[in-house]
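Chain nomenclature is as follows: A, B, C and D, assigned in order of appearance, with residue numbering initiated at 1 for each chain independently.
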């Protein structure tokens, strides 16, 4: 609590109002982590933090893509399925004996292509993103089961290496390559949003797309671009997931889109668009990851209590975040 | 002559014209595939056939979607309806299973009251989070979506609770005037919601809040109350739908009951022509949307489309419905007379900037 | 000045919306180095013509040539690229972005593709200085009043390397000083050879700046005239299409000597009302039947006062009495409960519900007051709506079309009607005549006078000082978010006196307290 | 690393700590499985860290990583899917924590990544069901029309039971699957699909449902269509949960291939053995049986779940 008030005292004078949500989230995340450390001895291992990144690398990448979409005031429900489809296609093509580089290329093209198509439909025909991307979700999931009804293992050398390479001390604390890739994606996205025209247009459209249009901004192009970016991120996420699990499974990532949306929103991005940061999204993903970790460490909850507690922690977190937000408005 | 073309145009430009067309096409396709699809027979004093199944099975979806329509009209969304279905069904079934005489009407009514009551409380919870605390609806209801499944399973202790109660079962599979009782219940709910929204000024006020919350506040509308109310209504609708779902199979399954129904409901609402951004809503459209979705599901089974490809099939149909419904799409193919106007400059609602 | 070739010609432009023929074979020419006023009543089609020009709408018929070649823009982006820079009627900016960004978005200064924020802010400051506006370019645009936003929109438009500058009612919420500053800039641009299309409902402004005038009526071209050859009276007649009989000399309506009905217990009496970082504490009393004007410069806090009195913002200090009984106005609902109504200056964000019909928008406040359980009976609705559609000549007169489809001025009338039918005891009008044509403006002014005679109190906020002077019994003067004086509107009070009071307020402020 | 601080959580009192990651609580079967494991752990004096993965492989991998961090003595889990465990199992192996698979195996080429597998064989269950049908219909002269209610599309039990059943009935060319749809393992799904089967296929002789619940849902559809389950249509299911057994005993089902969830005690034995470094067989199948109507009547009173 003291940390809170300390920070608050400083924020009042200097912090721009728009940074408050993100900072509140950061503080609460630290509190959450503190709770873990105080409750469970092994929680303070630095590897626990690394694991949160390792285990949520793909989620982070997908959430970054979703951040773009939500910033424009849209939504992309297809990401979970696109992730699965990318992993599935990779696994399938590798099993068919295609070289890894080619597979990587193909897999990375699928997501953006689908995203591009959805973006076009949304823009040119003026159909609500929710419904278009829902159809995209059905489609991608359908492709998964169409490719194979059961999971396909990946034995390719490159994939295995990417999966099992440990960066850091291989027997001590380490992160996976996926984490580095995820960080790279985060950095590129943050730069894009803050320093490129595309990024600024994204915010403008989210603020008021009608105004953005009248201001002569390329609304259509930007809108299509964000769905393409989201598709690309989902594809990268899919590749990371296939590194992570070394397989493609038709049912993996079911409901992931909700986790991703939750992460983005918890990170302080407003669903109606126009305000939010990639950094917030990183925090949002971490919040979900730490909650998950807390629950595993506890190890005494049965299945339904797990859900109730997740819901409860989520609620407590959002409530506090909101209350802090109101106070410093 | 020109009179008739005018009538024709009025018909084809009606908001619900194209969904109806898709529905008819889908039924026709089924009939081509299996000529007996449309046939309805009399069996044991009630009607029996695929059409009747569609009606009965769409009843819970219609209910959930009705509540969802109001929520969406205020610019919100309710993801927790699926969990609420499971909870209310589980409570009712649990209560009934504890009764010495499961067939007693009084016991069943108490069970329904209990289930409904809890759902109302949970709906109020959603309402408070959104309207009072000001949490973004999708996250506020996500909390209950996650935790609610847990609650439902807590109630059934993770088991499937089987009951053997005639009166309760009637909610799901009973008949009235040879037709499924469920569809009457859904229609009654629809009429009730329609009456409450269109006979009073509630509908107007909801649309106003969804259309421009700031302007509504300055016009003296207590938008908080209205927002609160729609989440409660949505929860009530979900509760009744939950009774139907569990009564349909005479058992409460905390995990499976109402799973993903929120997505179907939102889809139904959107197909019915209500914008997710809030504002104008159409109850008739929602009902049509729900029927369409159920027909689609039934079609997959009736045409025996392999499970592997059934999702692809759904994707294609959903996109088709949306495309032909979208004015933007049709404009592109009927350029001759109606030149594509740019996006209509309907002024956008001001945004509320609220974290989480 | 018009000897050269026109830089822009529009020929035979027609545009229909479902049920409305907004433009019908309109021709329009614009020469380099001229300011060309486009005039017409509310709903005449001015904004539509502009939107056809910039590609927001596609014309049904007609052609547009720009700089000799035929063009057909598919959207504002192309129009901007081709050198047509536009300020649209409603402020169309992104309130979630900073001021600097709103000016430069789409053409940010960049290095290697990266936006140079510091450079952008520097240039934004310089540009605003040109318009004599000193605000924090780093702050969110939404934190500024509508008038400031309008200035920012203008700043954005004049910075573009353009051949044609289109200004659709840019001055609707600016005060005299700002307008003068804007005109200085416009003249400069004109002299540099820019062609400027200018829309306004202020006739004085037309005669001050315009070289030529094109008049539209009901979507049809009436004619194109050099300003010098068209006297004011003739212009008005051309616009409304009939003899100027309805429009009496407005000045005669002045309140100067009208005995202020200031006796008796005040209807509203606030003491020390204030809100941190919005308005300093002020006292104000309003009596039944009294019109109190609120005068001040741009951003002086008039809107903030109005909002506090209505509970739209919450005061953090002070006491309120209505009819002598202490109460608080913490929410609009509470204020409405006391018979207070408020018509916001920002009609797009805080006024209209675009999707709802004209009828629904009109009855909204009344309905809210009655509660949702008691809908206004349909017959009563028709009665009320018809009456006000007539009285304010709202066009088109079809109450069932969405309000978003009406022209800006007509939307404003609908909002007025919304409050009038609730028969408030105190009506707070923030820039009620914004964007309204002179005919309707007279109508509204007369209505205000008439209602106050009937006992309604009015708090009248307007950037147009003349209007305030004409209507008010008393005038409260604002400066730097502080109420610096309250004057009884007698013979001694005129625009100069008010300006002096504002200036004196400045001196007053310099005194260390 | 601060490997000294963690220590086996139960190390001080000599208790074995078992980290167990369950698939979820998606069915009554699964809940019974969880209960069995929890009870057995208490009984065996084993400290159980239980995690529910909510049907997500990612969650299971996370849980295993966290178990490694907590330095549990043994890790056991029921994999959501077969593939994709090598990386995390390698980490467990490096941390010298033995792993036991329950209920479902993994397809790792490196068999040293886990100690043993304890569970049922879904293919075998399908095959048992099929074999019983072949037996029953051996004298059938005309074609026998079978409809199949599959589990969740893409899930392992659905795939394997389908496969086993198809293999078994291939023995008799008269046995033909005329329709096969997914009922998502739920009663509602089973009922809805069966309704359409009944309308689309005038003659259905046999129903094979991948679990009891779908079979129970289908029962209602069959009754509503005016047919007599168990007589007009032979019903075969898998699982043998209580409701299913009841239906079997009542003569509404004809045959159930058991898939027992009660592997807690067996698991705890294994955990102890593995922890003590004893060698264990690479694959242990749960003791499962099949039930006919008569057997069900006998077995029903002592059914635990």
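We adopt the following convention: contacts are C-beta pairs under 8 Å (C-beta built on N, C-alpha and C of every residue); 3 or more make two chains touch, one makes a residue touch a chain.
These figures come from a predicted structure and were not determined experimentally.
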Where are there more C-beta contacts: A-B or A-C?
A-B
How many angstrom lie between the centres of chain A and chain B, each centre taken as the mean Cα position?
29
List the centre-to-centre spacing of chain A and chain C in whole Å, with centres computed as mean CA coordinates.
44
Centre distance in Å when chain B and chain D are each reduced to the mean of their C-alpha atoms
34
Please work out the Cα centroid separation of chain C and chain D, and write it as a whole number of Å.
71
Return the residues of chain D touching two or more other chains; collapse runs of consecutive numbers into ranges.
24-25, 30-31, 34, 153
Which chain C residues sit where two or more other chains touch them?
56, 75, 95-96
Which residues belonging to chain A are in contact with no fewer than two other chains?
145, 149, 207-208, 210-211, 213, 274-275, 302-304, 306-307
Listing every touching pair of chains gives A-B, A-C, A-D, B-C, B-D
Which residues, counting only chain A, touch chain B once they are in their complex?
20-21, 24-25, 121, 124-128, 130-132, 134-139, 141-143, 145-146, 149, 207-211, 213, 258, 261-262, 265-266, 268, 270-275, 302-312, 314-315, 318-319, 321-323, 325-326
Which residues, counting only chain C, touch chain B once they are in their complex?
17, 51, 55-58, 60, 75, 90, 95-96, 310, 312, 332-333, 336, 342, 344, 348-356, 360, 364-365, 367-376, 402, 404-405, 418
Note which residues of chain D are touching chain B in the complex, please.
24-28, 30-32, 34, 150, 153, 179-182, 184-189, 191-193, 195-197, 199-200, 213, 216-217, 220, 224-226, 241, 243, 305
Which bits of chain A are touching chain C when the two form their complex?
17-18, 191, 194-197, 200-201, 203-204, 206-208, 210-219, 274-275
The answer for chain B against chain D in the complex is residues 34, 36-37, 43-44, 48-50, 53, 57, 153, 157-160, 162, 173, 245, 248-251, 253, 255-257, 297-298, 300-302, 304, 306-308, 310
